[in-house]
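Here is the structure we will look at.
First chain written, first letter: the chains are A, B, C, D, E and F, and each begins at residue 1.
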């Protein structure tokens, strides 16, 4: 099921072709996953989204690639995005996530799901030591 | 604001005292943050929650302690838990999170928030290659 | 903090006065909590909302009043509505919720928060026996 | 998959028939979409829900019909309701939403998804100028 | 679709077998639903989750078994967990939930969904009488 | 409360100053709201976010400015972002949202909150006519 189908010849649009070419070159594969094909109906949205993914996830930085993917999985689970849970879990595995790490990732996500709800239910006041406005931090 | 206040002498309950003592010993500090004080009205819930936190977050494992806290922050943001965002951001800093890492963590959380909504809006079909039931994985 | 303040003389509007009078009569109290005062700027929205609350929560039915409030608390926690968590926790107490029941309610909400995220993370397939379209149910 | 199937002869219930007849008359079509057929097991819930939809979405008002549907899509995406995303995206198209407008709608939803998470992660304090209680507004 | 498939011989792991045996004995059935089979790849996570479910949902307590399941359904709907909505709706029916109760449960969940969003949109201030920190409660 | 405070002299960073100058020029005001001041610790994140806001919300397009803000409010409510609900409700008013429109906006958000939860609870199957993959659309 989907709300919209990609057209038959997406890359006849020059902007779409440029993004798809960059995805192929960056990832060193011919495979374009559905997310990009579904965004292609709006080339500006496609360009902005790919540029941001490349900048945030793709560039070498202070967080290693596998950790980035595990954080992406965690947010996608909490936001309940079926597509994103599948694609980023696969990406985390492709970047080396072991079964042990996957089990731990789930354990943290599940525990956070629980303590998030407990703190919200009790409306626990934030300790002053955690509040930067009370710390001069 | 809160839905319930902790009583005046929480540690007069032996089970509460045992948990609080273990928190102090494990964390090597006298500070007991509000989450635990607010859970103390139900000693069984307090015990179970602390035991799980100690097991999942506290034990040496295949995910390093800072990464665990950053994942905890990510889930807490997506679940919108004010208390948890504050406490786990503080914990991540205490475990060495730099400003650069904090900025990147936010960038990933924000990007995931965006792509999660785009994929949900378009109801993008999961690529077969991401679906374990089609992979024999 | 709020996005809008109620006007100084809400009951000068006849429709608002009628709803407020009905709230007082139904609840046998002069107290009108903020939710209704904030909705009063749009009398049609106020009327529809109060009518539905009275119908769904107020009428004798197959679910007892305390259980209804506990369900309301549970949804409000999961949806993260600060005002609603406070007001419905107070209402549940007013209807007799004990400390033991409150502790159990939190335990269920917390456990559901955890297992919800685990099932979503793993994208566990629904067992055919739980799917009415496969049961003739 | 579903948790419950509609019975074989829903309109043998007079209240259900009356609602279905009103849906057909209001929308000038014989098509009754699944939402209403699934709600029919509880005629009171069906009646209340249809009455509210007719009042809020169907009546001429200060927000035009297409804008209402686009707002409905936006909330349904953020709340992650698969059925509602499909039905309201289709309804927006039926009311004239162009591809350009759909692309922009997604761009706003996605951007909001991102900035919502950033503001929550940073726990940005509300500027006094945005707070009605500090403005006498 | 799923992110991971259970292995072919889950009970060759002694810890998994012990949990599955306990599920069968506790529930007096040979049926192990998918949730447990999917968690089995991480025996520690499986054990912790089952132990908590048994403790929170399975033990006689101050909230009756049917009410517990209805609360579980309510949280699962608000958290949007497809698997959990199916499994806990089925469990509630198995524990005696009538059609009338199901209709009312949905009515409360739906109404809470609405008033939660209204209170959040208006940022309605919590009445002091609902705030335990202002009540000495 | 906040997890981090902006430094004392944000515009000593040239990239931050450039963004702030552009905000002032674009909005024709000296006022920089907190969101931007809080993002300034990470100039790249600040730049990307402002560029996207300017592109998506600020440019003339197929959706008028007031409608864009109302959609932004709707998503922010559903995602439960306190800061964003305040800032975008204020922005919608600044762009001409009337009290009648605000009431209707809330009515749609509230109704969607309700029907979203009902459709999720019942797991209503998507009608084939709403599914583009069955329509050749």
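As a working rule, contacts are C-beta pairs under 8 Å (C-beta built on N, C-alpha and C of every residue); 3 or more make two chains touch, one makes a residue touch a chain.
Note that the structure is a prediction, hence the values are computed from the model and not measured.
*Asks:* Over the chains that touch one another, what is the least number of steps taking subunit A to subunit F?
*Replies:* 1
*Asks:* Work out the mean Cα position per chain and let me know which chain is farthest from subunit C.
*Replies:* So the chain farthest away from subunit C turns out to be A.
*Asks:* Using residue numbers, check each pair in D-F, A-D or A-F against A-E and return the one sharing over half of the contact pairs.
*Replies:* Repeat interface, by the over-half criterion: A-D.
*Asks:* Mind checking subunit B against subunit E and telling me if their interface is mostly the same residue numbers on each side, over half, or mostly different?
*Replies:* Because over half of the interface numbers appear in both copies, subunit E and subunit B meet with the same residues.
*Asks:* Which chain's centre, taken as the mean of its Cα atoms, is farthest from the centre of subunit F?
*Replies:* If we average the C-alpha coordinates per chain, E ends up farthest from subunit F.
*Asks:* Which integer distance in Å separates the CA centroid of subunit B from that of subunit D?
*Replies:* A distance of 33 Å separates the two centres.
*Asks:* Once you find the CA centre of subunit C and the CA centre of subunit F, what distance in Å lies between them?
*Replies:* Distance between chain centres, rounded to whole Å: 27 Å.
*Asks:* Multi-chain contacts only, two chains or more: what residues does subunit D have there?
*Replies:* Within subunit D, the residues that touch at least two other chains are 1-4, 44-45, 48-49, 52, 75, 77-82, 85-86, 89-90, 100, 105-107, 109-118, 120-123, 125-126, 130-131, 133.
*Asks:* For subunit F, which residues are in contact with subunit E within the complex?
*Replies:* 73, 77-78, 80, 82, 85-86, 89, 105-106, 109-118, 120-123
*Asks:* Flag every residue of subunit E that touches subunit D in the complex, lowest number first.
*Replies:* So the residues of subunit E in touch with subunit D come to 80, 82, 85-86, 89-90, 99-100, 102-103, 106-107, 110, 113, 117, 125.
*Asks:* Using the touch definition from the top, list the residues of subunit B that touch subunit A in their complex.
*Replies:* It is residues 1-4, 31, 33-35, 38-39, 45, 49, 52-53, 56-57, 61-63, 67-68, 70-72, 74-84, 86-87, 89-90, 98, 100-101, 104-105, 107-109, 111-127, 129-131 of subunit B that touch subunit A.
*Asks:* Help me check something: in the complex, which residues belonging to subunit C touch subunit F?
*Replies:* Subunit C reaches subunit F through residues 1, 3-4, 41-42, 44-45, 48-49, 75, 79-81, 133.
*Asks:* Would you tell me which residues of subunit B are touching subunit E in their complex?
*Replies:* So the residues of subunit B in touch with subunit E come to 1-5, 44, 48, 52, 55, 126, 130-133, 136-137.
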